[in-house]
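Note that subunit A is present in both complexes that follow, paired respectively with subunit B and with subunit C.
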Partner chain A sequence: MNIYKFELKMLIKSIIIWGSSISFGLLLYMAFFPLIMVDNDAMLDLLSSYPEEFLAFFGMNADLSFTSIMGYFGVTISFIYIPLAIQASLYGVSILSVEEREYTADFLLTKPISRKQIFMSKFLAAFTALTIINVLVWIFSFVSLLSFNGGMTIDYAGAIILLSSIVLLQLFFLTVGLLISVLVRKVTSVIGYSMGLGFGLYILSSFGKMLSIGFIQALTPYTHFDPVTILVDRTYNWGYFLINIIVIIISFSLGYFLYQKRNIKAL
Partner chain B sequence: MDIIKFDKLTKYYGEVKGCENIDFAVKEGEIMGFIGPNGAGKSTTIRTMLSLIYPTSGSVSIFGKDAIEFGPEVREEIGYLPSEIFYYDKMKVIDLLKYSATFYDKECDEKIIYLAEIMELDLNRKIQDLSYGNKKKVGIVQGLLHSPKLIILDEPTSGLDPLMQQKFFNLIREENKNGATVLFSSHILSEVQQLCDRVAIIKNGEIISIQEIKSLREDTYKKFILKGTKIDKSKFVIDGITKLEQTDHKVSFLFRGDINEIIKIAATFKLTDISIEEPTLEEIFMHYYE
Partner chain C sequence: MNIIKRELRANLKSFLIWGLSLVSLYLVASIEFNAFAGDPTIADAMAQFETLFQAIGADSADMTTPQGFLSILSIYIYLPLAIYSGLLGSGIISKEEKDKTAEYLFTLPITRKKVITNKLIVAIFYSIATNLLVILGCYLAFVRFDPDPIFYTYLFNLSIGVFLTQLIFLSIGIALSSVLKQYKLSGAITISIMIATFMLNILIGFVEDLDFLKYISPFNYFSSANMLASNFELIYIVISFVIIGGGIGTLLFFYPKRDLYI
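Right after this comes the complex of A and B.
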């Protein structure tokens, strides 16, 4: 419990920065919707002049137009996914490795606690931090839907199903980040790994959608929980859902196991 | 009772040997020196005791329990001072020490204040603003604040000025008097000489000798320095002579054996000066490394 509290305290600054940026970004993005609605026809013309692959690359879908409130919300969330994923990867890659990188492992790991306790405390602290951000996204999603809907009907059930995916997206990047950090001998650049993971999978997902390559799409949580698709279907793609859960469970267990076995070398 | 018991402890990092066949024991209440040059395997051995690294084969038990299997339990009563000190930079000293104390089921506040006073450590400064020596002091307080039964020191004195070093040694002696067993790793013999009862000497990852400090010095080694113009160094090449050196008009060596033999040989030369001294530990010690 003491490690959990300590770790969470260490994350406070990060939570404030990520939380305010993501909330602000979400609000700002949504605030433009009434403007787009005003020029609805012009926007529809513009969008229809682009090839479908191009729209797919940016997460847009012909069945739910960008010019409807829910379509716009879906695209907004698909962009918000990126910082959420990067933040989760960042925590995943750094929470365990920071002790070795900054040589504090000799302090923490020689205390009368097991590696299991350290792993779990740190994991839970990071997950708590991510959950705070998650809650903020929920709050600001509904605030902005209510404020900037331009008189259109809000699909609350769809929004709830969509926002429920965030926790799985976060867990995916958190656990994969954790696994990477215990697989490599030494994490030299946390930013490098987490940006690579967060952005890399996003780009992979965009290409997967554009080129309709199922294999690639199955690899990335951005497709597992593609916001516009979820809003159209009003349910998850359960195949992808399962893949996502399996990756989370494997990454977590393997990370947990490997951390017990890890040799913490001196300088 | 053995507080630490190494049983053929071996650690390889892939192909690279960390330590091999470490096999000795440290008794309760003892201050044991652990000495060897950098890279000899001291830290590897110590880190295995704390389950920071895991042995390739063999084991180490502390308080009669396997140090890996019962790691958390065993570490309740261990105070460890790492050779390089790094702490959460942005914290205040007192906050770090309090965090450290939360890991033990003991009331540590008084001890923290007591130790900080002796070591002249300012508790309200941020760790990142501290000098190397002051960080070392944080390490010392952190290692002793829960009054552990076993104190493991890995090159503890680097960065401390001589006065602080003495205060630190006094602290260790005091803890030892109160029942703590100490394992003191160092590459500086004079430190070990000051503090320890016995010393284990490690070289290339293997223990090459375990000696009482007293006997190490009383081992009838004498250091001879002979001065004169025509001393023939080669005459001194007999059994028991080590570190034979000649410069201009001076011949020096260590000798262990019947000193009359040396006197006889010395008498054949015309000397201007002769001195026979107790060798320093360093000098005795060096022959293990030749």
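Right after this comes the complex of A and C.
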């Protein structure tokens, strides 16, 4: 419990910075919707005359144009995914490895607590921090949907289904980050690893989506929970959903297991 | 010279990882390009699409030609290489303090200025190297489609545009790690600036009224449409050089006087 409290206290500043910038970004994006909205039916007519793969190349969807409120919301969330993922990877990569980097591992690991407890407390502290951000995204999503809808109808059920995916996206990056940090001998650059994970997968998913490459889409949570697709289908792609859950479970348990056996570098 | 050699070796691995993964990404893209190359129905759809793009105020390029296809994907050259250079710049300067090797390095009989100049040279060298590696990768990936001469001009422009973008973030990184007391944050701040300007750039694409903000986002300075048209706007080149000069100047002026945090 002490470790949990301590870690959370260490994260407070970071939670405030990430929370405010993500909320600000979300509001900023949504605030401009009234300026770009156009006659939606005409747009959908126009879009439906193009082949699906062709539209995908330009990041559009024939059933939900970004000139409608829900379509624009989907696009906004797909960009909000990026900082969410980077933050989760950052926490995942750093929270265990920080002790070795700052030469505090000797201190912590000689305390009368098991490594299991250390791992769980740190994981839960990071997860709590991410959940605070998640709640903020929920709040500001609904605030902005209500304030900037330009008179269009809001699909609340769709929005709820979409926002529910955030927790899985965060868990994916958090657990994979944790796994990476126990797999490598020494984490030299936290930001390097987390950018590679969070941003690298984003770039990969953009390629997968634009070029309709199936196996790439199966790899990244950005496409597992592609916002526009979720808003159109109003349900998840359960195959991808399952892949995502399996990756989370495997990397969590592997990380947990490897941390027990890890050869910690002492001073 | 020893420092240059040492840094070249220390940063080789990340250079290879970044460079080769990007090259393989573009190789995959070129395989998918087969489906589009010279397809008249898509070219036809493109022509109609032009009106839609104009209606929503975005640029488009003909995706059935190698240069058009590459130009639409080119943001994914700018972004990763900007990340690479930004992290390289902030890391190469701040790592001595981070790894507690600053005492060792700066007690050697060599001036601080010389140390950081050498580090700067290595950072610029690797920025050029990744740039050339990726451009060469794109060249090899698309040359089999027998592209027009304009493709080669585009690749050349792209290389210069990407390089200047890299240098902008490199200089932001080195400047931050030489002035910030919390040197550990320099990489994070560089990356935040990058992500913020990237997301701003997309928002500018959506909303015409925000056009005046385009001077803030380096990703807009050498946009793919401008690179395709060989159109380097003077104002952006001037801004880029001001940022790059400012960053390098900050490093050379402040770092020699820096109160090292050990």
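We adopt the following convention: the second predicted complex is superposed on the first by the 243 of 267 C-alpha atoms of A that agree within 3 Å, B and C clash if a C-alpha of one lies under 4 Å from a C-alpha of the other, contacts with A are read in each partner's own complex, and residues count from 1 in each chain.
We take it that contacts are C-beta pairs under 8 Å (C-beta built on N, C-alpha and C of every residue); 3 or more make two chains touch, one makes a residue touch a chain.
Computed from a predicted structure; not experimentally measured.
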Touching partner for A:F107 - first (subunit B), second (subunit C), both, neither: first
First, second, both or neither for A:L146, with subunit B first and subunit C second: neither
Per-residue contact with subunit A, leading partner among subunit C and subunit B: C
First, second, both or neither for A:K265, with subunit B first and subunit C second: first
Which of subunit B and subunit C A:Y50 touches, first, second, both or neither: second
Interface residues, subunit A side, partner subunit B - complex: 2, 6, 10, 102-107, 109-114, 117, 261, 263-267
Subunit A to subunit C touching residues, read off their complex: 21, 25, 28-29, 32, 35-36, 38, 46-47, 49-51, 54, 57-58, 66-67, 79, 82-83, 86, 189, 191-192, 195-196, 199-200, 203-204, 206-207, 210-213, 216
Interface residues, subunit B side, partner subunit A - complex: 13, 43-44, 47, 50-54, 71-76, 78, 80, 82-84, 86-89, 99-100, 102-104, 142
Interfacial residue positions of subunit C with respect to subunit A in the complex: 14, 17, 21, 25, 28-29, 32, 42, 45, 48-49, 52, 55-56, 60, 63, 72-73, 76, 79-80, 83, 87, 91, 187-188, 191-192, 195-196, 199, 202-203, 206-210
